[in-house]
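So, here's a batch of structures to check.
Shared between the two complexes below is chain A, which has chain B as its partner in the first and chain C in the second.
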Partner chain A sequence: MTRQERAAWLFSAPVLAIIALVFVLPTALAMALSVTDYSIYALADWANLRFVGLGNFIDLFSTPLFWRAIGNTALFALLGVPIAIGASLAVALLLNDATVRWKPLWRVLLFAPDVTSIVATAVVWRFLFNERSGLINRALATVGAAPVDWLGNPHTSIPAILIFVTWKIFGYNMIVFTAALSAVPQDLMEAARLDGAGHWGRFRHVTLPAIGPTLLLAAVMSVAGFLQIFAEPYVMTLGGPAQSTTTILYFMFDEGFKWWNLGQASAVAFVLFLMILALTMFQTWIGRRYEWL
Partner chain B sequence: MRHDPAMGAQPHDWTRRSALGLLPTLGLAACARSRAPEPLKFWAMSYEGDYSPMLMPAFTAATGILVDVQSLPATAAHEKLLTAQAGGAMPDVLMLYTGWVQEFATIAAIAPVPSPAMVADLFPGVLDATRVGGRDFAVPWSVAPQVQFYRRDILARAGYPEPAGDWDGWLRMGHAIKRQRPDDFVFMLLLNWPDMLMTMLGQTGATMLRDHDTRGNFQTPEARAAFAYYARIFAEGLAPKALSTEIQDPVAAFAQGYFAIWPTGPTTMLDLHRRAAEIPAERWATARLAGPHGVGAVSGLSTSLCVSASTPRPAEAWALVRHLSSPASELRYQTMIGNLPARLSAWTSPQLRAPILAPFKAQMRFPATAPKVIEWERIKLEIQFAAERVVRNVQTIPQALAGLDTRVDQLLAKRRALVEAGTLA
Partner chain C sequence: MALMKPRAILANTLVALLTALTIAPLLYMVIVSFMPRGESSNPPTPLWPSHWSMENYHELLVRRLIDGAWFDYRIVPALFNSIAIAAISTLLGLLLTVPAGYAFAKLRFRGRERLLKILIASLVVPGQVAMLPLFLIFKQLGLVNSYAGVILPSLAGIFAILFVRQATLAIPDEMIDAARIDGASEARIFVTIVLPLLTPIVVTLALFMFLGSWNDFLWPLIVLADQHLYTLPVAVAAIAREHSADGELMMAAAVVTTMPVLLLFLAMQRYYLTGLLGGSVKG
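Up next is the complex of A and B:
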């Protein structure tokens, strides 16, 4: 080992040690747990612990609620990622326009929800979504629409939570996009305009390629985020009505921490890990294909 | 600062480094000095947790022991306590809902009651739930049967001086009220709170588990009858299809007449007294819950006091339990939060002769019994999920009950294996 290499190892050793301790070790332990039937009985007496191999996974795949949770999470991600990123991009484009004044003020206002407490805002939104006295239904009533039982109807509960989540998180990606948009080459934009490209043409052929990598990053982060959605249903609906907002993470939390079936919960965590890994690999592949990475 | 060799040569000269070196010694000294009274830790849920600090000055005055009370939100208490037990962070004394005692005794989180005198003088039937393997693991603190809180004015207008006591009568009364107030509801049965459905299942005589409590037993005429009645209340528009997260302020809703009958426990009296400006005391009263053929046994959220098995100060912890569960403390608590004493002798007090308490007193002698399995808390919620699916027309009753049997069998798999292996009685 050369002197330089030794120095490099020395400098990265603390970080590597921390990663090993707080990331690799817990992950390995969780994987080990997922092949045991660790439950409240094992908490009572270690002698009750058994190695069950893939038993937890087989059990999991025969639990209807698990599939329901996967379906709900997929719905959150499928609807949520485009809505959230679309909202961020749209607002970022609006704010990027030269005619908008007081830009810093707008940015602060639109970014504010992202840094507020999720529990506090969820409670406020619960009031907004109230069927009888909520502001949203009152607004709907002024245009003659029938009241919607937002959080009480299994068909509207996910859209209702998505409205809240989008409001809550779009500010973050908006800031990221604003930064990316400022790097779009203005001379190219001018040239496109002179060549007769319209708004859409310039967006499609100048802006989009320039912010492509940022868009990909935002998509990867959003997919990972939406697959791990938990706090919003936990605070707003407790996974209801009729378990229509029970997500994978919520299911895992219930199994693991509420009922102490840590074996089963670790199996869920493992499945979720594989899902996020697969999706991220897919997104990377798309990124490579379009030469964004 | 560069190290000066001249300074190092003088052994007793104070430098910043040697002063810093003394810091750990200072820390040790601090530990040694603060050996004096460390407060006992007491955890309780809900109003019991919020108001417990008011019972402590008397205890501290009598014994010199300080108590640090932590109030846990009822919805998150179960996981918080399990996590505390797994992480070795249990408080010295804790309140448990009586239905949880079996579970926490099984995982050896709580210690058996040291003297039979502590569990003498209690309402009969209360003690059964806290007895595990023939030993008492908790001192019952309060008894909280559910009764129906009703709006006297609304019922009177519909021609009912007091609510009906049987199921058919309940529905007839419901429709009479609904005719007068078509935009409101009559009953308040939250779709994620299992107590009412548990009471109904108990009253139809459904034995929910079979084979030594190792399998679900829900595909029975009794369970079907209870589910059918429960679902009918919603299908006929007499109760809102709502979760607790949607009825954000049930007291305000009750005051506004959004519903007229509210099956709930004694601490609701505290809410109603506090908000007497919105709902004056003459507008509401209490009555025993309706059963299929009149009043019967009812489930509730009774509370018990336990001492952690890992407490280093068991004597002081039990002294606190003795103080909190004394008739005097229980009566004081009754005035504060409406909780009803579990001690029989407390009931001779004139304070408990108020007419509003009479239905509770009559009901307390008939607690519903639940199967003694540690998975019961979870099974209760599964039953409620099944009922919610029926109410929301996601499943029919036979589908829901069959699904429930499968699910409960799955939840009891470990227990079944242990019972078959003879590890578990």
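Up next is the complex of A and C:
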């Protein structure tokens, strides 16, 4: 071994060992756990552990609440991604306008919600969404709207949480889009302007093609983020009302750490993993496609 | 130019309004936390305290004797736990990942490219998949319900290694080779030549690690059973699920949880926001 090699291993072996212990090994074990009936009995004594093959998955697929959780999570992603990405893009475009002053100040303040704890801000928003005394219903009342039981009604619980999540996360992609927008070729923009292209025409034919890849990547990563929603329903709605905000992770947490069905919960984790893997493959495919263009 | 003016006014007003709307929930959180007990639950919702009161913070933070038994919300211990865990996670995290990131960028060793590929590929796996077996492993190792149990998983900084590697690649090889020819040891090269050049990146990474640890919720919730070890998010979630009616008290708890990192972010925003863009570059 050369001197350089020895140093390299000295520098990287400790963290690689930790990664192996807390990430690689448990991920491999997750597969194994998902084909066992690991439960509170096995937690007490390993002798109670049995191999059940695909039993957990079969059980899971015949559990209505699991499908409900998949449906709710899909709804979160389907509604949340366009709303969140749309908000980020709209604000980024606005900030990109040459006439806007004090840009660094706005950027920092608009980004601020992103660095706060989800739990703490979920508590704040639960308070704002309160039917009787919440600030949001008070604002609605000034325009004559009737109070809405935001978190207590199964039809408004997901939209309410999405408003909170969008507020919390839009700043991140706003920063990413601002950087992408500053790379839009200005000579092309000028040429389009001289050719008489309007605001929409320039956005559609100059800006959008330039930031398209960034936009798509952000969208795919946002889907992955929405698939992992947990703290919001845990704090704001406890998965309710009428299980309308029980997400995949919320279901997994309850199965695993409330009922101690760790085998079953591992099967849920595995399903989540497959969904995110499929998403990443889609993302890589997009990446390749755009490099060919 | 005269034609541009209304447009400029419109754009600036719009940005200011949007920012005000974004900051409003945080501002209102602070205002309500100073309202006298119960004031915020009487419609019409007050926007301003009738008088500024410290009673919520007093109730939340000070241990009191009720019917002969000590009672408190365990927010002060949670604050200490959060500070200790975030600080230790950050320090150990840097100590482990910065040299590794440098090694992956500049030192030649067998298996480097393959390991790098594995690290990048493993970013696909969501951390939650590992959590259930990890809990069982930690239970066997006696790490459940301890600081170490919370901190150890946060040290597996794959993203951090790739982040440091990306930044280190920009350092010219000639500088390092010249030092080698002068007979400097590898450790000396890292400490005296590479580390000073990486300082901004290390500061950024430290911020990411500290904030990440401070705001982390699911894993501490799983691994901590003892209330005395709760971090702030876990403690606040526990109070929130029990005392949902006490608006002012909950806002005070939210202020204690969010303000330290918000102030840290505001003080160091330049490092944070530029790092964000460095991180979005693929590994």
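FYI, the second predicted complex is superposed on the first by the 257 of 293 C-alpha atoms of A that agree within 3 Å, B and C clash if a C-alpha of one lies under 4 Å from a C-alpha of the other, contacts with A are read in each partner's own complex, and residues count from 1 in each chain.
We adopt the following convention: a contact is a pair of C-beta atoms (placed from the backbone, for glycine too) under 8 Å apart; a residue touches a chain by one contact, two chains touch by 3 or more.
Computed from a predicted structure; not experimentally measured.
Shared-chain residue A:Phe257: touches chain B and chain C both.
Legend: residue contacts after superposition of the two complexes on their common chain; A:Phe127 is shown touching both chain B and chain C.
Shared-chain residue A:Ser266: touches chain C; no touch with chain B. Of the two partner chains placed by superposition, only chain C is touched by A:Ile175; chain B is not.
Of the two partner chains, both chain B and chain C are touched by A:Leu238.
Taking chain B and chain C in turn and counting the residues of chain A each one touches, the greater count comes from C. Once the two complexes are laid over each other on the shared chain, residue contacts for A:Val115 go to chain C alone; chain B is not touched.
Shared-chain residue A:Gly80: touches no atom of chain B or chain C.
When the two complexes are overlaid on their common chain A, residue A:Asp59 makes contact with chain B while staying clear of chain C. Counting contacts as defined above, chain A residues 43, 126-127, 130, 238, 257 meet chain B in one complex and chain C in the other. Taken in their complex, chain A has these residues touching chain C: 2-12, 14-16, 18-19, 21-27, 29-30, 32-33, 38, 43, 91, 94-95, 97, 99-101, 106-113, 115-128, 130, 132-135, 138, 141, 167, 171-172, 175-176, 179, 224, 228, 230-231, 234-235, 238, 249, 252-253, 256-257, 262, 265-266, 269-270, 272-273, 276-277, 280. Within the complex formed with chain B, the residues of chain A that make contact are 37, 39-41, 43-44, 48, 59, 62-64, 126-127, 130-131, 151-152, 154, 236-238, 240-243, 257-260.
By the touch criterion stated above, chain C contacts chain A in their complex at residues 4, 7-8, 11-12, 14-16, 18-19, 22-23, 25-26, 28-29, 32, 40-45, 47, 96-97, 99-100, 102-104, 107-110, 112, 115, 119, 122, 124-137, 139, 152-153, 155-158, 161, 186-187, 190, 211, 214-215, 217-218, 222, 232-234, 236-237, 240-241, 244, 247, 250-251, 253-254, 257-258, 261-262, 265-266, 269, 272-273, 276-277, 280. Considering their complex, residues 75, 78-79, 82-83, 85-86, 103, 106-108, 191-192, 241-246, 248, 374, 378, 385, 388-389, 392, 394, 403, 407, 410, 414-415, 418, 423 of chain B touch chain A.
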